[in-house]
Amino acid sequence: MADRDRRNLIAYRIAQELKDGDVVNLGIGLPTLVCAFIPPGIDITLQSENGFIGLGPPPAKGEEDPEIVNAGGQPVTILPGGAFFDSAESFAIIRGGHVDVTVLGALEVDAYGNLASWMVPGKMVPGMGGAMDLVVGAKKVIVATLHTTRTGESKLRRECQLPLTAANQVDLVVTDMGVFQVNNGSMILLEKNPEFSVEQIRAATEAPLEISTQLKDMEIPA
Amino acid sequence: MADRDRRNLIAYRIAQELKDGDVVNLGIGLPTLVCAFIPPGIDITLQSENGFIGLGPPPAKGEEDPEIVNAGGQPVTILPGGAFFDSAESFAIIRGGHVDVTVLGALEVDAYGNLASWMVPGKMVPGMGGAMDLVVGAKKVIVATLHTTRTGESKLRRECQLPLTAANQVDLVVTDMGVFQVNNGSMILLEKNPEFSVEQIRAATEAPLEISTQLKDMEIPA
Amino acid sequence: MAKIVSVKEAAAKITSGSSVMIGGFMTCGTPVGLVRELVKTGVGDLTVIANDTGVQGDGIGMLITADAVTHLIASHIGTNPETGKKKIEGTISVELVPQGTLVERIRCGGAGLGGFLTPTGVGTVVAEGKQHITLDGQTYLLEEPLKADFALIKAWKADRKGNLIYQKSARNFNPIMAMAAETVIVEVEEIVEVGEIDPDHVMTPHFFVDFIVKGGEIDG
Amino acid sequence: MAKIVSVKEAAAKITSGSSVMIGGFMTCGTPVGLVRELVKTGVGDLTVIANDTGVQGDGIGMLITADAVTHLIASHIGTNPETGKKKIEGTISVELVPQGTLVERIRCGGAGLGGFLTPTGVGTVVAEGKQHITLDGQTYLLEEPLKADFALIKAWKADRKGNLIYQKSARNFNPIMAMAAETVIVEVEEIVEVGEIDPDHVMTPHFFVDFIVKGGEIDG
């Protein structure tokens, strides 16, 4: 599977988790792709932690408004019915449990629902931005990540080694190999990419793995 | 002095304490009279704790807007340059020290700057409303009160007997007998109503009294 | 996405024994139509969280008269003598909270915070039984969040999604309460189409609002 | 009452060694004209409190390039590699704070609160050295207020008194910082007469603002 297809597979699958009326915060990078796959008839409100709801698609070239940017600082648009607010209200919304789903990437995620996503000591310390509040505050935390690092190591760890973004908050992990439910010390494989066998997935996963009795194949986006 | 003149004397004197640019909160009743005596050329912004600045005079009969009321629920107006906000912001303003002066009445005020203004156990428990926040938060707390109760007891006490609104917060007490600075265990008489002798004032004051070496007469409003 | 319902449907959602935040300051900004209808349902044993209880027979005062409230959290009850009378009789228990602390506790509940430290109330009866924390020589009370099953609020305008605008001093507790209750019902004067409200003017974003009721008049 | 001054006069008020809050999110809502002028003054040893340090050479990044900042409190520095470089070299000390905690600490400072309890950061390095308080079985960190000598903020419109309106996502930290600094300087695109702004649309009431600077353009 090409890198692009693997990313789309993850984004497509996560989009199926969203319910009509959900308020959703999508992290920068891979999670942003989820927008493209939201099923028809499902009305989702995207929250941008820098201060608005109703985040719309990027503007046409030349129509950028420098005062409408997403949490990555990129020009975006606001949809009808959207609303701007200040950062204190934005994080009151986030921490207060008013965001139904947050989707974000990971450096590591473990079998206890711990997430590491914001620093590699001695190497990269960009800062946590709004991630710590999002992961603690959102009702449902979904991690969107490729299953392994570029060097082939599992990102689904027994226990995170990197500094945490938050402890025990992750509900679901969606990778290019499968869909995993965090289960207090193990990860339950709910769905798998039909390209891989359970054995291949087990070999690529450091976290203790359980296999759902209802294991099924992930749907591949058209 | 008629009751009305005594109240005007107090209000007039307090108005002289206000400085150009001050944000001021005036309590219900006697403190409200202060408005009428603000010296010309002094621009004061009145804050109403139910949610706005720029409180103006009562509207003409028939022109009341039920959505513009003061903290006593009475119809008022808003002046040009005023602004509405919610109650959380209103009390952020108050507690955060952004109100320069608060003027409020008292059941008792004592030589330690303690104020009792919100309840008489077993008799009257209206609640503190915004008074506790105002007295703690305002930069300067001025008590406006008649010197004695209807039965002739001193309201300027050695120590308050009634439940407190706040401890050690009162800066200045203005009564119909004089102007008193709170001084950690005593009250310093700064100015006196020329109708009374120092001895008369001392006799009417339970709090330990010191007399300022610069004692002068209060100015009587025209 | 908020749902537009009749005042009857809205009031029927509140069950006896519920906790209910009600916006307004002495009836200004109180959803009077909702409160009136709520009284008609005969609901009882309510815990009401509000700045005050309006005046006798109006605003939240209607619920007091109807004996629908058994517990009240408020900053002021002096404008409605009936509340004081029922407090003394023992039919209503009243927790008096400084106004700034009350609204901040509600904000705290809505904002997912566990509490806050305030200098307000230190050295008064309000401090009794509360944890005191001293930082940099200043003593504060630890105040805890307030949440409720329902918030009944009043706005000026809603769009069909539920984005709200309040007007003038009727804003007061309303936008804060909208964040702190499980189910939020708003009474508005006007409902407009989605897109008619400038996103910079929205005071309560739509997802906080569950039900919209079109009220008849300004009840000041 | 705010005073209208030139950008030069405004920038000259900030002295070396000051703490300065600066609004904006990756230059959106940053008072770029003020920051540019501040760099020209040659001021140094600043403690900057801001969400981020913009990008290299723009927004707050200009102060980083100029070595004007010795201490930084921010939630994110990843968009300006120069900040990370100077952090590693040891010329800037950086305190990273979760964005929600950062803005709430600023609000806390402006609102006269002594601190707040947040679940954010529990079990992470952010919790190190902080007081933990458990209420109803949930553990929180006690976070303390932030204040500053100056706040440099960006608004869309001011009236001559200093009432402010922000626009779109350029609002972000600006209204919160306006409450938490000793001296508040705002850069605006437009100055209008008193009375031209609807009191319901004011986002920062005038008394928070000390100086108004008319900026040239939208610096996005």
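Just so it is clear, A, B, C and D label the chains in written order, and each chain counts residues from 1 on its own.
Heads up, the rule we're going with is that contacts are C-beta pairs under 8 Å (C-beta built on N, C-alpha and C of every residue); 3 or more make two chains touch, one makes a residue touch a chain.
These figures come from a predicted structure and were not determined experimentally.
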Intersection of the contact lists for chain A and chain B | C, D
With contacts defined as at the top, give the pair, B-D or B-C, that has more of them.
-> B-C
Let me have the rounded angstrom distance from the C-alpha centre of chain C over to the C-alpha centre of chain D, please.
-> 32
Whole-angstrom distance, CA centroid of chain B to CA centroid of chain D, is 35
Which whole number of Å gives the spacing of the CA centres of chain A and chain D?
-> 29
Mind pulling the chain B residues that touch 2 or more other chains?
-> 52, 78, 84-85, 91, 94-95, 136-137
So which stretches of chain D touch two or more other chains?
-> 104, 107, 111-113, 118-119, 166-168, 171, 199-200
Between which chains is there touch?
-> A-C, A-D, B-C, B-D, C-D
Of all residues in chain B, which touch chain D in the complex?
-> 20-21, 23, 43, 45, 52-54, 78, 80-85, 91-98, 136-137
Chain C contacts chain B in the complex at 25-29, 51-52, 55, 74-79, 84, 87, 94, 96, 98-101, 103-104, 106-107, 118-126, 166-176, 203, 218-220
Enumerate the contact residues on chain B facing chain C in the complex.
-> 48-52, 65-69, 71-73, 78, 84-88, 90-91, 94-95, 114, 124-133, 136-137, 163-168
Which part of chain D faces chain C closely enough to touch in the complex?
-> 104, 108, 111-119, 133, 135, 138, 140, 142, 144, 165-168, 171, 199-201
Within their complex, chain C touches chain A through residues 1, 107, 109-113, 159, 161, 163, 179, 194-195, 199-200, 202, 205-208
